[in-house]
Each structure stands twice: as C-alpha cells, then as structure tokens.
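We call the chains A, B, C and D, going by the order they appear; numbering starts again at 1 in every chain.
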Amino acid sequence: MTTPGTAKSVHTFTPKSYNGASFWKAAWRSITRKTSRIIGFAIIVLFTLMAIFGPYLYSSHLPINTNAIYAPISWKYPLGTDFEGTSNLALIITGARYVLLAAALGALFTVIFGTVLGLIAGYFVGWSDSIIMRITDFFLTIPSFPLLVVLSTVWNFGHPLAMGFILGITSWGGMARAVRSQTLSLRERGFVEAARGLGLSPFHILFREILPNVSSYIGMNLLTSITGCIYAEVGLFFLGVVPFHVNNWGVMLNMAVFSAGAMSSPDALPYLLSPLLALLLLTLGIVLFLDAVDEMFNPRLREDV
Amino acid sequence: MIEIKNLQKFFQIKAKFSNHKTVHAVRNVNLAIPSGGALCLIGESGCGKTTIGRMLCGMENPSSGSIIIDGQDISKLKRGARAKLLQKVQLIHQDPYQALNPTHTIEQMMKATLKKMAKQKKKDADWIRQRMDELLKLVGLDPETILFKYPHMLSGGQRQRVIIARALTVEPEMLIADEVVSMIDVSLRLGILKLLRYLRERHNISILFITHDIASARYLGNDTELYVVYKGMVIERGRTERVIRSPQHPYTQALLSAMPILKGIEKPGKDRFVITSQFRQSEEEPRGCLFADRCPFKQSICDEKRPELVHKDDAYHACFFPKVRQVAAESI
Amino acid sequence: MSDTSTVNTESAFKDQKQKMAISARNINVVYATPTGDIPAVRDVDIDLPKGSITGIIGESGSGKSTLIMAIMNAVTKPGKITSGSVILNGENDILQLSSEKQRKIRGKEIGFVFQAAQNSLNPLRRIGQQILDLGRAHEVNDLRELIKYAKRLLIRLGLDADRVLASYQHELSGGMRQRVGIMFSLVLNANIVFLDESTTALDMLSQASVLEIIRELQKEKNLTIAFVSHDIGVIADLSERIEIFYAGEIVEEGKTSEVLASPKHPYTKGLIKAIPKISGDIDAAEPLKGSSPDYRTFKQKGCLFYDRCPIRTNSCQDSRPELNITNRDHKVACFRVGANDRD
Amino acid sequence: MKNFLIRLVWRIFSGILMVLVIASLTFFLIRLMPGDPVSAQYNQLIMQGMTPVQAENQVKVMYGFIPDEPVGEQFVNYIWGLLHFDFGQSISYEGIGVSHIILNAAPWTLILVFTGLIASFLVGVLAGVISAIKRSSPTGTILTVSGSLLHGVPQFVMGLLLAYLFTTLWPILPFGAPYDSSINPGFNGPFISSLISHAVLPVVTYALSSYGGWLLTMKSSVITVLGDDFILASEIRGLKSSTIIGYIARNAILPLFTLFTLSIGFMFGGSVFIENIFDYPGLGNLLLKSIDTRDYPLMSGAFLLITIAVIAANIITDFLYTFVDPRIRR
C-alpha cells in the first residue's frame, strides 16, 4: 500500500485493485502497531489452542492422586491440585473447550441475530421495523441472567451448541438496537441514496454499502459478547442449575465453593483461584485486543498509520 | 427530454394526538428541460426546490401531477420499467463528504455500477477498466493517482468530481445538481460549474441546477432558464440574463438586491432595496399572495387573491403589480 | 524594506497606536500533530483601527479563524500560541495578562459572534438565564436593567424579545440564533466585536438584513469590527479595509475598493477572477489552478502560493516574501510585484 | 404538559402489558416441562392411596391449578389471579401464598441493588470526571484502565474474590446471612450495625463490578461536552469558571440516564449470584431455591417480580430524563 499523495511515483504505476489480501496485511499491521495489542492477540491465540488441542493432551480420565490433595503450587502441579489431587492446570485446559466453544457460538448467534435484524429494521423502515423493535424491547427489559436461570429448567445444556444458542437468543437485543440506529443514520447518508439512484440492488446496498460501515462495531461487539457469554455460562454452572455433563471452569468453581469448602480453608486457594485466573486472563486478552479491531475495520484510521 | 405537469407535493405533519398540519411543499410546478438544456431553480432553503429535484429522480413520489421522461409518465409504468427510466436521471448531492462510502476505494465505487452495465451490455473486464479511466479523465481526474484512494484522502472538489463520474457510469441523460458547489472552496467552485457546462455542450446531458446563489447559476451557459421558487411556487421564470437584468417579481428583486456588492468591481443596481422582515413559517395557509407579508410593494388585493404565473413577452411572473427594477449589481 | 521608510513609520507608529483598537504583532500559532508541528498562523501583524470594519478573507483551512482566536488568547488544544503581542486600545498586551484579568476583558471589552451553524449557547438553559449568567460573571449590579437592555437589542434585531428570552436554543432558527449571538456580543457594551463566519449558514435575505443591522450598529456605537469569512462578497460589501489570508499568512491588505479594483498579489487576482459574480462576462472567469493548501503546503520553504501561482519563478522557492508597501497603505507579499519585482 | 401525561399513561400501560406477556410466557414454559410434573404429582398421590378428590385438592394447593382443567381456563384464572396480585400457592413452602414470600424477599434485593447502584454511580461519575479532566496525567490513565478492567470482571467472580479476601484471609467482615442470627431483629442499635456490616461486602461487590461502566461513559461524555462549541463560547464571553463547570456537569450527565436504565437490568440480574454467594434471602436467591425444589409458582412469581421492578425502574428513569433535557419535553 503506497503512502497516499506521493505524486512523483517513479515506476509506471498500475493501480493495485483492492482485494481481500491487503485487508489482512493492513489488519496485521494495525495489530502489531502496539505491544498491548500483541499481548491481547497472544492470549486469545493461547486460549483458542487450549480449546482445540486441550483434551488431546491428557487421557480422558484425569489421574487422581489421593496423597496430593490441595498440593501447593509446584513444578509438577503448576496450579496446585483439587480435592481429588488432579492437577488444576489439567482441569483448566481440558475444561476450556466447552466454555470457549459455547461462548464463541453464543457470540456468533448474538452477532448474526443482532446484525441481520438490526439491518432489516433500520433499512426497511415501517412495519418490519416496529415489530423487530417491539421484540428487542421485550428482550431488553427482561434481565437476561434470571431468564437464563429459568430457561435452564427447560433446556438441556449438554452440547455447547445448545448452550451457545440459548446465550445468543437472550443477548442479541442490545446489538440489534445499536445496529438499527447506525443503519438508520447511514440510510440517510448520501451514498446509500446514490446507490439506490444508480439502480443497485437492496442486497448490494445492505451488505456491500451499509455493512462495511457497521463492521467495526460488529467486530468489537463480537469480542465483548464472547466475554459476556463466558460469564453467563460459567455463572450457570457455578450456580449448579445446569447438570454437569462435562468438566469446565464453572463446574470447578461450583465444586470449589460449595462442595469442597474452598472459601473457608486457605490451602484450597489454588483450586478456587485457577478458574478465576483463567477467566480474568481471557478478559484481559480480549480488552487489550479490542482497539485493534476498531482500527482494522475503519479505513480512515488504517490509512494514516 | 423531461417534463413536469402541475406537480404537487404536501406533507402531513402528524402530531401524536393534536391536529394534523399540512405543509404545501410544492404547488403545481410546470417545467420542461430539452436534452442538453439547463434549468436553474433558485430560492431560499425550505422553498421546496430540493423536493422538486428529489421527485424528478424518483426519490420521492409526488402527491399529484405527472413526470414525463422521454414521453412516458413514470407513475403509470411498472416497477422495473420505471426504475430503468429513472436511471436516466441521476441526483448529485450537496455534501461530497456524505455521498461517498467511506469504506470503499474509488475503484470499488466505480466498478459497482460498471459491472452491472457490463452485464447488460455483455462486455468484459477490459471494457470496465477502459470505461472507468475514460470517465475519470472526463471529469478532470487522473485515474492513476486516485483509483486506490479512500474518500477521506480526497479534497471536496475531487470528491464532487468522483460523484459526477460515478453518476455518468449509468449513462444518464440528465443530472440534478442540488447545491453541488455550496460545500466547495470559493476559488474552486467555477471548476465544477465549468465541468457541468462541458457535459451539457459536449455530451448533451441536460442539467437541473438547484441553488440559493444566483451568481453561480449564470456559469452553466448563456442559454439557461431560471425559475425563482418561493414557498413551493414558481413566482418568476425566464432566460437567466433577462431575469437578472430586468426582474419583474418583488421577491426576485429582493433576492438580487440581497447579493453583496464587490466594492471596487461592482456598483449596486439603482433600485436596490433590502427587506428586514423575517421569513416566518406561517401557521395557517395565507389566502392571498404568498409573499404578501414581506412585500414592500404590497397593495390590498395582494392579501385577497393569489396571482397565478402569467406570460409577459418572453418571461413569466406571478404578481399583480409587476414592475421591472434595476436591482442587480453591474460591473464598473 | 528601504531604510527611509522605517524612519517616518517610527513617529507615525506612536500616534497610530492611539487610533488602533487592536494592534497585534507577529502572531504565531502552531498545531502539534503526531507528524510534527504545523504552523497555522505565521508572523501575522494586524491592526484594527478604532471605529472601522476590517474584513479578513481566506478560504477554509487558511487559519483566519485561528488568528482571531489567537487575538482573544483562546486557541484550543492541540493549537498553541508560540509568539506575538496584542495591544488593546494602546495599553496592555492581552496575551500577558493574568487569566482572571483576561476573563474580565472577554465579553466586556471584546464581543465575539460565532458561526450561525455552531451552537454557541448552552442547550439546557433558557436564553434569559444565560444573559443573567453573563451579567453575574462581569459584576453587572443591576441585572434587571441588563435584561431590559437585552430586550431593546433583540427588538432592534427584529426578534420577539420576550419569546426569545424564554426559549431554549433548539427552539430558535439559524437566523434567530445568529441575531441572539449578536445581542450577546453587544449586551455588555463591548466596543470591539469579532464576527467569525457569522452569515455563512444564513439564507440570502436574512444574511442581507443581518449585514444591514451590523452596519447600523457599527455607525451608531462607533464599534471596531473584525469580520472573518471565506465569502469575498460579504467582506467586500461590509468592510472598509481588507486582509487577504492564504495558508496562515497575510498576502495582501489595504482599502477594500482599492485592493479589489487593482489587486496586486496573484492569489487575490486569481480569487477575484474565480468567484462566480452576478455581473461580468461568464466566459472570462477562470477557476484557480491546483487545490487549496493542506498540511503539506505549510511545510514548504518558499512562497506558499508557489504551486498555484501563474507568475512564479524558481527564485520564489528560496525564501518567504515579506509584506511590504506598494502605495500608501496597500501592502502585498510577493517577489514579483511592484518595487521589489526581481526579474 | 398534556402530552406529557399521555406519554406517562401510555408507558405504564405498555409496562403492564409487558408483564402480562412475560407472565403468560412463564406459564406456558412450565407446560413445556419434560413430563408434565403436575399430573406426575397427581398420579403419585393416587398411588399413595388418596382418593382422586383429595389428590386433586392437594395438587391444586401445590400447583395452584387443577391438572386436567383445560389449559385455557387455567391460564385465565392464573392471569386473573395475577391482576389481584395473587401469584398462587408455593409448593416448597407448604400452603403459604407465593406473593407473601416474594414480598418478604423483595426488600433485601431492593436494598442491596439500589445501594450498590447509587454507590457505583457516585464513585463512577466522580472518577469519570477526574479521569476526563486529568486525561493526559497518570491518574487519568490509571483510573480509565482500572475502570475498563473492573468493568470486564463479572459479579460472581468479584463476589468470590472479595468474600475470600475479607472473610478467609483477613476475617474483618462477617460472611453470609443479612445479619447476626443471634440478635433479634428490631429497630435497635446492634441490629442495625450488624445489618450494615453484613451488607458491606455485597454492596461493594455490586459497586466494584459496575462502577467501570459509569466511569467510561462519564469520561467520554465530559470530553465530548468539553469539546462542544458553547463551552468555548462561554469562555470567550468571560463567564466565571464555576458557571462553566455547572454547564459541563449538567450536559455531561445526560448520556448517563440511558446507561442507568440498562444497568438496572444488569444489577437485578447480578442479584442471583450475589445473594447466593453471600446467602441473602432476596429474590435472586429465592429464584434459585425455587428451581432446585422445582417450585414453579414460586419461580415464576420471583422472576415476575424482578421483571416488574426492572420495568418500573425503566419508566421512572425515562421520566427523570424528560425533566433534565428540555429538548425532549416539547
């Protein structure tokens, strides 16, 4: 990408047509611009790898070691052990898959529901707008977590997809409203009207003209709703309202606080803190990586780099 | 090429529970623009000139009256045919900063419509690139230094030229220029006006020029028509130079007198007068002449009856007591 | 500058000081940006004679608004005033005063009228309340009299005074907001008024009536007015003296009719030829070449008008032309003009 | 003023409508249960040797409706009951009306939520103003970073950490239960002091986990208002700096109202965790217990009351906003 405005370019200059490739190159450049963003990106990559390869690193039934109950942090047990002597680190790594997969799916559902409904409500103003907005207001007034707790009695959360779907269903309201208001303002902007005047199809206008202008908001929202979904599902497991099919961080927390009484005995601290640590580290990663996303999607920022 | 017959447009302002207020934005306007011709709509903001422009390019539907393009009344056509016909009329927006998608490069913008045109004309990618370069050069831009840029990297003038080039991709027969120079630097405005004039004379594209600045309307060529609009009604019309040099309607005269005088280059017209009363969006519809409440030459009849647009030698005016007054500034 | 002229200007300078409401000397304002400091206003000397209207014309981005902000010592971050002095009524230099003393001068001695488009009033308080705030800030003891005076001004400006005082800013049209702005600048009897692009956003008729009111008030109260605009028509119509601004510098100044009748600087000539006018032959008009100055042009060493100048020579690129007198008080900053035309 | 009242009536009406919609949703939700529990309970009683009539009354008492009645009829008298503020009978608390139970629990939740809300509001707004004014200095950046990080931490993580810190490591604060069971409740000194000391941890948890939101919004809104034209205009007119700060404060507070409505739902949502961790008998805790014991009337009652509180709070903040911003009041 030559720097703009260099009139005196020496070689015969064939204008580089804009293709996807340079988007990723520019995106990578905006990530590496600040060290804080690199750390954030590294944390996210670490957790994704943990989710994908975690279960393969350990045997399906983690080794129990009765004489190492609540062992202090050591090289053998980097995060100490739980009430059965299994290494907390192993529990964290194997438990990551369910949590992250469900959160990713949940965030995906939220973004897809929110964006599509927001775009439609914002662009095709009229009855479709009022209906969608009534539904959004409905979901927004209900406090989402109590709703989840109530739904937990009906829905079985065995598979991450089921958990993701429910998380998505209950949290797309805010997103839909924000995307709708942005679409409404973009709709009045000249370039949308010009596109209509030039006879471009509504599909082109919605997804080629309006969507790119909203994509930086969507990108950031995708990340924030991942953290939101993680906390919701870990919270559900922590409260114990959802049957424990597979081990994950929420289950660890629940066991630590309610059954293993970690709140009262100081030496059970590592068992309690390791899931909390994992959660906080992931939040830190996402928060740091967030402002890189804004720059990636906004050409105005990207070009001046 | 395009003709309007007593076009009407009124808006219902619905307050939730109180009464409805109807605002007459456009009051039976008639106009005809030959191909390659230019017609200027002059008036203050809120007088309905932009609404007329938006109705002509199909952005808004008239309340009554008909719009005839190439002999066909667009309201009687089916959606597809109507859209095809309306593509011959392209609107150029006032604000060049809003009219280009900030996330697309100039190349992407041009290709969006050219791909569609290429499909219709069964042409290949080379035709698209060749047509793109040709159009950008036509509007005075160098494709090499501009194609890969984003809109925020161009100046106001360059952006307005890109917008015109994009409008030309669908081979329109008419451009509606709605206040296209008001956001451009004063020293560069003439560049855009000369471009519009060039498109008229070389490419037979007719122009509907909407503005509040009479001076810029003169630079579209010598054979242009001038329509003065006040509160949605055409109150004077004729060839541009004639309306400027010998205006008949008091409102046109007030507009011309309000133009600032360039000391040292121009001297004020001898009958120049300034009206200080404020433009008030009157609650109820005035019975008589619309300009009555601000007209310094008003007489009693003006409050009772509303004058219609009448023909007098080669110009039209809507006033009971038309009197030519030398109000426009003359060069020293 | 030939040396004979400096002798007589010394004595002229002394009595001239009394006649000047504001005389600002080598004002420099710099905008700090990540890619280095950009000089927005460079070595500007400007005098506002008492009881006269001075027009400052310049295109968008030329730094004209920054200049009057600098005179008011109100340049906002990232801009900062790096040098200069502003002598008010021949006495103290505003820029060196303590912030409390400066606050007292603003509003009381110097009124400021903002662009019509800007919201220069607090959207959450009624106009009347904001006049009282202004009165309390300047220790006006009889606030009732202040409101009465404000009402008289509003009626003079053609507004329904009681309704305006009771309404909020969003309930006023652009034209009304502009007249309220003028009232605010005069209500404390300031005798120097700065108007920044005050008629740009107005319609033709309300612009004409606002200009008419400014003329009347100026004569009646013998105000010193500085009017900033990019619209040369408004400036030419209203002001007796004109300062032509380009890329942060004054390139030409003098009596308006004289400067417009026989412009010396190539930019002024080009500007007058390029403006759409109601009179004159339309084929003779030519737009200015090139594009208006941006942050890159400010960094050039030589004359900043170089890349758009029809009569440029390569010597114009070596150094920056100084503003010097061609005849009586008509000054121009160009190597190829009048006495010091080099080639 | 006329359409102001009309808007008020319209909002209350749509609020009630919303509650009824949610009520009917929870009603049908129970019907979706895998294996309708009502008839399961009925059959179980029959097996225990009760006559159908006895079993029917027993089930009616437990579930507040007769199992084999047509669903429509059940629905109608459920809604009719609701309108009379009768939420039916609880199952786990033999024979006590649901509305009675939830009304006892509601005050605890309201106290905690609103003190937490006000605490986080004050701390957040103050920190937001400071970090806006000193945004280039280190204090500004520390406040902002702490705000955004804390904002990311969920309530139950915050609750666990605080509970662990202040009860296990430095046991200076009591843990669990709203007050010392040894003291008899009444309007006397020790009871109130123990009430307060027990409430410190939950309120701090609420405050810390949401003050970040206030901080960031207040900071950005103060910065936008500082950049506004009328602030520069006031300075150029020579207004006193105290007046200008008053202008900034009033204009900067507006966007906080929208955040206020959003955070109410968030706070009530959090009550489920915090009351559970600190063992407070509020609505959230009640909701959880009712789910463990499959006490559906109590569950839908608790959930409904939480939603009513959220809707009521939204309506109130909506109208506070019209007093603050004249542009809406037209």
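Note that contacts are C-beta pairs under 8 Å (C-beta built on N, C-alpha and C of every residue); 3 or more make two chains touch, one makes a residue touch a chain.
Please read these numbers as outputs of a predicted model, since none were measured by experiment.
Following the contact convention of this document, B, D is the list of chains adjacent to both subunit A and subunit C. Each of A-D and C-D has its own count of C-beta contacts, and the greater count is at A-D. Taking each chain's centre as the mean of its C-alpha atoms, the one that lies farthest from the centre of subunit A is C. Separating the CA-averaged centres of subunit A and subunit D is a span of 25 Å. Centroids built from CA atoms put subunit D at 56 Å from subunit B.
We define each chain's centre as the mean of its Cα atoms; on that basis subunit A and subunit B are separated by 49 Å.
Contact of a single residue of subunit D with at least two other chains is seen at no position. Contacts with at least two other chains are made by no residue of subunit B. Looking at subunit C, one finds that none of its residues touch two or more other chains.
The touching residues of subunit C, counted against subunit B in their complex, run 59-60, 158-159, 175-176, 203-209, 211-213, 230-234, 236-238, 256-261, 270-272, 274-280, 282, 285-288, 291-292, 294. Here subunit C touches subunit D in the complex through residues 72, 74, 76, 103-108, 112, 114, 118-125, 133-134, 136-138, 168, 170, 184, going by the rule given at the top. Contact residues on subunit B toward subunit A in their complex (touch as defined above): 57-59, 83-84, 86-87, 90-91, 93, 95, 98-105, 107-108, 112-113, 116, 143-145, 147-150, 152-153, 163, 166-167, 169-170. The touching residues of subunit D, counted against subunit C in their complex, run 228-230, 232-240, 243, 247, 250-251, 324-327.
Note for the complex: subunit B touches subunit C at residues 44-45, 155, 157-158, 181, 185-191, 193-194, 212-216, 218-219, 222, 244, 254-266, 274-279, 328-332.
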